[in-house]
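Going in written order, the chains are labelled A, B, C, D and E, and every chain counts its residues from 1.
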Amino acid sequence: MLMTATQALTGPDVAYLVPEILLVGAAIVLTVLDLLLPNTVRRGWISWLTLASLAGAAAAVIGQFAMFNPFDGDAEVVSLLSDSYRIDGFALVMKLVILTASMLILLMGIRTIERDDAIPDKGETFTMMLPAVTGALVLCSTADLITMFVGLELLGISTYVMIGFRKKSSLASEAAFKYIVIGAVSSAIILFGMSYLYGVTGSTNLGWIAWALEQAAADYQALVYVALFFIVAGFAVKIAAVPFHAWAPDVYQGAATPVTAFLAVVSKAAAFIALVRVIFNTAVIQTPFILGPGVSPVGEDVLLALKVLAAAAMIVGTTAALRQKNVKRLLALSGVANAGYLLVPLAIGIGSTSTNNLGDFAFYLVAYLFMTIGAFAVMAVVGRAAGHDELKGYAGLYYRAPWTAAGMVVLLVSLAGLPVTGGFFGKLFILLSAVQMKDYWLAAIMVVTSVISYYFYFSIIRQMFMRTAETEAKLSVPAPTGIVAWICVVATLALGFLPNAFMDMFEQAVTLSRDIWIAVPK
Amino acid sequence: MAGSFPWLTLLTFSPIIGLIVLLFLPGTNRRALRWTAIVTTLVPLALSLWLFAVHDASDPDAFREKADWITIALNHEAVNIESSAYVFQYHLAIDGLSLPLVVLASLVAVMAALASVHIKKRWKAFYVWFLLLETGMLGVFLARDLILFFLFFELTLIALFFLIGIWGSLNREKAANTFLIYNGLGSALMLIAFVLLIATAGASLNATQQGGDLVYTGDYATIRSNLTAENSLTNLPGHYENPFALSDGMRWAIFILLLAAFGIKLPMLPFHTWMLRVHAEAPPSVVMIHSGVLLKMGGYGLIRFGVGLFPGLAEEAAFVLALLGAAGVLYGAALAFVQTEFRLVLAYSSVSHMGIVLLGIASLNEIGLQGAVYQLVSHGLISALLFLIVGSLHERTGTTELDELGGLARPMPFMSGMLLAAGVASLGLPGLSGFVGEFLSFLGLFETMKWVTAIAAIGVILAAVYILRSVLKITFGPQQERYAALKDARLIEAVPMIALMAFIVLLGIYPSVLTDAMQGSFDDIIAQLNARMGG
Amino acid sequence: MGGFYIDWSGELVAFFAFAVVMIVGAVLMLTLTKVVHMVASLAAVFLGLGGMFVVLEAEFVAFTQVLLYAGAVTILLIFGIMMTDHQAVQREPVRPAHEIVSAVASIVLFGILFYAIRTTEFAPSAPPLQAGVDNAMEIGKQLYTQHVIPFELVSVLLTVAFIGAIVIAKKEAE
Amino acid sequence: METVLSQYAWLVPVFPLAAFLILLAFGRGMKRTGPVIATLGSLASLVLSALVLIEQLGGADEYNNGFDWIQIGGYTLTVGFDVTNLTALMMVVVSLVAFLVNVYSIGYMKDDERISVFFAYVALFTCSMLGLVIADNLLMLYIFWELVGLCSFLLIGFWYYKPEAKAAAKKAFIVTRVGDVGFLIALLLLFWYMPDHDLSFAAIANVFGQTGLITEGITTLIAILIFLGAVGKSGQFPLHVWLPDAMEGPTPISALIHAATMVAAGVFLVARTFPIFEASPAALDTVAWVGAFTAIFAASIAIAQDDIKRILAYSTVSQLGYMMMALGLGSVTAAMFHLFTHAFFKALLFLGAGSVIHAVHTQNIHEMGGLGKTMKTTAWTFAVGALALAGIPPLSGFWSKDAILAEALHDHPALFAIGIAAALLTALYMSRLFFLVFAGKPRKGASGHESPAVMTVPLVVLALLAVVAGFVEMPFEGTGWFGEWLTGHAAAHEGTALVMLVSTAVGLLGIYLGWLIYVKGAIPRDAVTKRMPWLTRLLERKYYIDEIYHAVFVVSLRAIGRAFDAFDRHVVGGAVRLAGGAAVWTGRAATRMQNGQLQSYGLYAVIGLVILAAAIAGRRFW
Amino acid sequence: MLSSYLTMAAILFCIGLYGALTKRNAVIVLMSVELMLNSVNLNLVAFSKYGVVPSLTGQIFSLFTISVAAAEVAVGVAILIALFRSRGSANVDEFNEMRR
């Protein structure tokens, strides 16, 4: 039995866990401090310390490039506890993405949460982000179902709590309750699938599963189907793919804007990252292109299911947003559609003409990150000034805050997938891969839904530029939020003008065979 | 002469320089803003005229600017390939096909900038979008990389959305939306076609012993040569069947996608309805550009990408194209005849005139293709002039309803005369540019499709019918009291009118100025068609 | 499986006994009207499951199950009931369509699962796990070696849940 | 012989062009000098073209020169000019009439505030017409052909504020355009069928002179299409409807454009491309019959009209029909001869009518009368014109009409009969016109006064020409040098004595009848009206052609337009809305899913899972 | 024998699912979710003994599941209490303030 050859965590191995340990430690210290300090002490610095610990974690991740240099083609992946935990190129890059997003969201949220009267415990709201991010980082690194599940739950429970902290808003409580029930059901579904996967392969390790699945798919085809479809369905809830998405608008609406941004970006990204590991080690391998003809159809069927989910997400996300007047819900639906776009690189598999799914995925994820966080930052400002998140709150924004409006145009244009922005190239790369894999219908749906999405993204632009505001008063933009918005705008444009800067880096740092496909310890 | 100086880049991005200057001007200083914009637009005009003068068809590389822009080395595991990459270049060039349109674009831009006196609010923002729009359209005509072309194409889309939506008339938002969605759909189809092309014909492979270098490029010339050389990629290592080969069905699909994409822009029947609202709602100087230049991007794209990449398919589809063209000519004319709003008359007249472009394209011979381009340029000038006049009239009378207008020749003899002149130019009177484009298109098509040409020629009569009906309704007839005190054109309106008219006359009297520039531009296409027939 | 040849081993008898308890408990949970009764029947399911774990020779898991579920979770749920709508009685169904569709969906899903289970012939490559008495010991070892990372993470998770639950549930001084 | 002046013939149209440009640029401030400049321009043209004509009369070689206009690939379109006897003659006719009309207009238009615009248009017209004449190829001719059409349109609509003028101008342009399309298609055909795609008249003569180069079917088609152009321009049936309406323009314009020059361009065109027609008997027959029919048809309408200018207009149509008939009979000489003489006497008649209108401010002949006493010069010059038109010897009209009738008699007795009948009608309506206007007593107090010298001098000059112009070609041996000079071979003169007798008799008969009715009253004026009121009405209403056209073309075009409009709105627009509606509908359905019920959301997920599993995985297990 | 356990787990899962989808009382919904999670444990433990490659991993996995589920219930109940304070109701179908 392979699994009994247990591997313990040695002292040096702890060095590879520095980012996570740092975050957990900071979370505990800050929580304790928050609890112990008398109420008279102001809590503003907690948010900055949280930010600092995130930055520290990011620095630690960058430091890990020294331990494992992904750009070196011959470098060996650091694997802890027989791949429970991996320090590979994909994990490192994705951790940086997650941490960047978290920092931006935190920075943007500092003023927003401080001014949110519905949140009595502001300090905890910030510190609760740290375990959530820890969970997300775990998801980046893990290749073991147990660790993956725990990471997923750590992320999930932290976010339930973060939403619930907005206690004085009954909407937020409702959102938290909806989210926890749906989240728990989806966890149950994922677990059910995982349990079958474990049953037919005898392992929770993805590398082992990938290796054993070919035989298992032949012997226990039905169970493998159930396992993979349940896992896909469960993750579909987490990433809000249609028809598993319906919770998203409600939950997004109820949560405080920075928390919403966290849900829309970090939670979604982390779930996607985990899904990438699962799918590429199961369905993508079980295809004729890799295993040759005669392989069980289960891999292709799962990919087909993912394609259907992607298509449904794109169609429903965009069309439902057409009538949406609440910008938060609108961005939730936009997130649904974007989940569809992000699913495409996973769903198309690999072939002789295209193997750069991960690059497509990562690029669009990064573009999505910046444009969505930027949009939420602007929304936080506008929503606060207007007292609501309705579309009409944006009327005449151009007159009240011209530069913010201009920045928002860039973000919306990027969300709509128009050049010259990161959103455009993200979609373009995905589209190219889809076409290279001859999934024309998927490409067509991508493009057409993008066009439909012009309508509602530009409806915000219409409000900002073509309507007049009720008040001419200048809109005050808190410095941190403004900085975040502009970082996002600049990054979106940078991704648009120099897409190769990121893409090249990623393609060099991450390879499927080294980072995703786990060498089975024979 | 050209040296290594990036003249084309300067040409394309010179409006951006002016835009930056504009940003530093106070938003309330209308005159300064306007004159900055006008002077800015003069730069590309001067450059393009200079290029026009020195362009030498035999030396296509004289003004070629090529730089690596996006080169992405891709993962290439699982395939026996040494390396693979996306290569999208910054690649600008001119030839006989793009040059006339570049001149047209920069010329109309100057005129539209002059005509921007009709803009009454938010001047700074207006000129910012205006100049962005100009960069976009210049780029469209110069770009030689599919992705770059698309970028410029979309830039015009966004800029125009703002220009219509903010400065248009009553239903401006709706018009802007219609424009955005419809044209967005067009460019989406185009994007699919482009992506299909890049993924197949854009792939080139340099085989080596261990594997090969696979490059996906958006370079027009590469795609073109790969498309014509059917089996360029059989040297794929291993025993994969050539995954880059385009089946006949796919070729047709791409061709039809391109046809629809640019057909929407042109607009080709039945994709024209979006244009009506734009024509009716956009501010005058924007419609001048829209009708004068942006529609031409459709014709340009049809020739460059539709016919240029798939001459064989174009030949097989020529009859359908010609029918569509003829239908457009007659349908547009018949509809123009019953419109009661002058701008709608002109909109349908554009449908009709763009039908002639299709006829010229469908001919697939040098005369017809040149005729199509000639018609593009000519219609660009004429419609710019017409819309300039319409804008000036609308500013004074407050209406463009034909029933409410009449007898304007008395209070406004100059503008009425101009309107009449533009009208007769539009209906194809010899001596003015419209005739040459029309005549060459008909002449070209007549070689292959006599009956279609003959039927389409009925449109010549109908053009006279609807143009005279509306123009005479406005200018002739008894003078109306309420218009008696109206003033004729101001100098800043008269100058662009006269200038446009001068170009119309020049092109009508001395067509060689344009046809010589286009000489040889279609040699490749013609040669390919001949080779097909020979083979 | 092929045919319904039933080998009435001790395991099977125990399985059936616990299965009956669990299914009855589960069905009662759905059909009872008083909330507190429902919790009680759920506790029965939890206990039945613990019994089944014992049958499966997973004594440590069974122990945990009883302790955590039948004990802690049930108490927690009762707290939940007490602090919310403890008088509440499950009223008559007001959304018949929703309930019917839910029932159909659940049954179809079960059908799929049942089909998948029944069509599969299990041919284990290794004999059943005979963990024996040092089951708990082995589990402990693995938890602290192979699974130490998730183990530590769960501790963080529990802390988070703990703090979160307190903060959320505590009454705000107005 | 050396050609000296002919090399500079291209300058002939340039003079008026220069005048046009000057007037266009500076016209507003030049109410006095503008007309003078235009007149000088036409005078210069006249002088130069006269010199060219003299050179050609002296036997100079034909001269041709030109350059490439458009060069595309292997194809070339050229522009150039041709000096031949025919073009030299036409140049003189055009520039002479133009000059006289210019002079006349100085007086006629002097009170109009837009006089410089008027003269600018006239100058442009003169330029275009001269360009049309000297064009050396069909394309260039077409270009100028359209330009004269434009000028005609502009001048008809010169008094733009009059609704009738507006309508007439529009009608003129559109109706002639119908013919022009035929011409255009003929051009396209010729381009692709001619060897080397050469459109020059020399090449046309060369190619169609030989048989077999181009099939007869195509030849006929080309010829008919060219003729269609001529029908439009020359007001032949069925495209004649615009010409009478064109009388809404200032009268000098009617004289210049709609009598003497432009309307004759159709005849000129056929004459210029005559080799094509000669190669196709069917086409020739068509031309002849259309011409003959138009001649009698228009003459019959002219009898029932009351507007002085309309009568003259129908007369023009009728006379143009004569010319066409001559062409159809194969006689370019006769046609050109009649064109030549007609230019003078019809211009004279129109200018005379203009003089009358100028004096009495009405155009209704029933409101005139007795003007012979007050307007002596006008009256006698008008009489000369009328007699010439009626074909009374020895005035010019007699000789030219005689030439045509002689050809008809020789080739086609039926056509001869029609020609004679038309001649009778011509004499009748001219005498009716003359007697009602100049004889009898003044009616409605319209006494009138003689026009100023600047108007009467051109009348006198034209009257002289109307008298003498016929002597260039008389049906006697040794006098037919015109035909020989023009076409290279002398016309045959068989049976001319008979023709002369009959036509003179018919002319006199017509005049006599007119005298009986309108002066003596021996036959009551309403004799016909009483017995056959429908005939009078039919003639008055011009055979209801306008009404028919309105019903057939205008109404149906409008109906088509409306139908297309509905199609555009509902079908094309509907399809677009449908596509948009599909998206909105999907969105609405998707929005309806968002009912706020947590358990519904869960249910969607479960249903989604079930469907995915059943549809995608399930198919492997069925 | 494995099939029986798996079937039992499937029954529990579906009953839990049905309960989660239909019960109006929020606490019962949470209970139903727990039922679903429990069925997974049965799967894991059964596979742990009778699986293709029997191993203790299944049992360990189930331990993680149990603890996570407990934490989830705790948070769930806490949120429910907060929600009940503001709404005065614990009926799931009345938690529909946000929709469309």
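Simple rule for what comes next: contacts are C-beta pairs under 8 Å (C-beta built on N, C-alpha and C of every residue); 3 or more make two chains touch, one makes a residue touch a chain.
Please read these numbers as outputs of a predicted model, since none were measured by experiment.
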Chain B and chain C share contacts with A, D
What's the farthest chain from chain D if centres are computed as the mean of the Cα atoms? C
Just grab the chain with the largest centre-to-centre distance to chain B, centres being mean Cα coordinates. C
Innermost chain, where centres are averages of C-alpha coordinates: B
Which chains touch each other through the most C-beta pairs? C-E
Please compute the C-alpha centroid of chain A, do the same for chain D, then give the distance between them in whole Å. 79
Please report how many Å separate the Cα centroid of chain A from that of chain C, as a whole number. 30
Note: chain E sits from chain A at a C-alpha centroid distance in Å of 25
List the centre-to-centre spacing of chain C and chain E in whole Å, with centres computed as mean CA coordinates. 7
Residue ranges of chain C touching at least 2 other chains are 98, 102, 105-106, 109, 112-113, 115, 117, 119-120, 122, 126, 142, 147, 150, 154, 157, 160-161, 164-165, 168
Shared-interface residues of chain B (touching two or more other chains) are 181
Chain E residues counted as touching two or more neighbouring chains: 13, 16-17, 20-22, 26, 29-30, 46, 51-55, 57, 60, 64, 68-69, 71-72, 75-76, 78-80, 82, 93, 95, 97-99
Can you identify all of the chain pairs that touch? A-B, A-C, A-D, A-E, B-D, C-D, C-E, D-E
Per the contact definition, I'd like the list of chain D residues that touch chain C in the complex. 597, 599-600, 603, 606-607, 609-610, 613-614, 618, 621
Interfacial residue positions of chain B with respect to chain A in the complex: 70-79, 86, 147, 150-151, 154-155, 157-158, 161-162, 165-166, 172-173, 176-177, 180-181, 184-185, 188-189, 191-192, 195-196, 198-199, 203, 216, 240, 243-244
Note which residues of chain E are touching chain A in the complex, please. 13, 16-17, 20, 26, 29-30, 33, 36-37, 39-40, 43-44, 46-47, 51-55, 57-58, 60-61, 64-65, 68-69, 71-72, 75-76, 78-80, 82-83, 86-87, 95, 97-99
Using the touch definition from the top, list the residues of chain A that touch chain C in their complex. 1, 3, 6-9, 17, 24, 27-28, 31, 80-82, 84-85, 120-121, 124, 128, 131, 134-135, 138, 144, 146-147, 149-151, 153-154, 157-158, 160-161, 164-165, 167-168, 176, 219-220, 222-223, 225-226
Under the touch definition given earlier, write down the residues of chain B that touch chain D in their complex. 181-182, 270, 272-274, 331, 334-335, 337-339, 366-367, 370, 407, 409-410, 424, 429-431, 435-436, 439-440, 442-443, 446-447, 450, 453-454, 457-458, 460-462, 464-465, 468-469, 472, 475-479, 510-512, 515-516, 519, 526
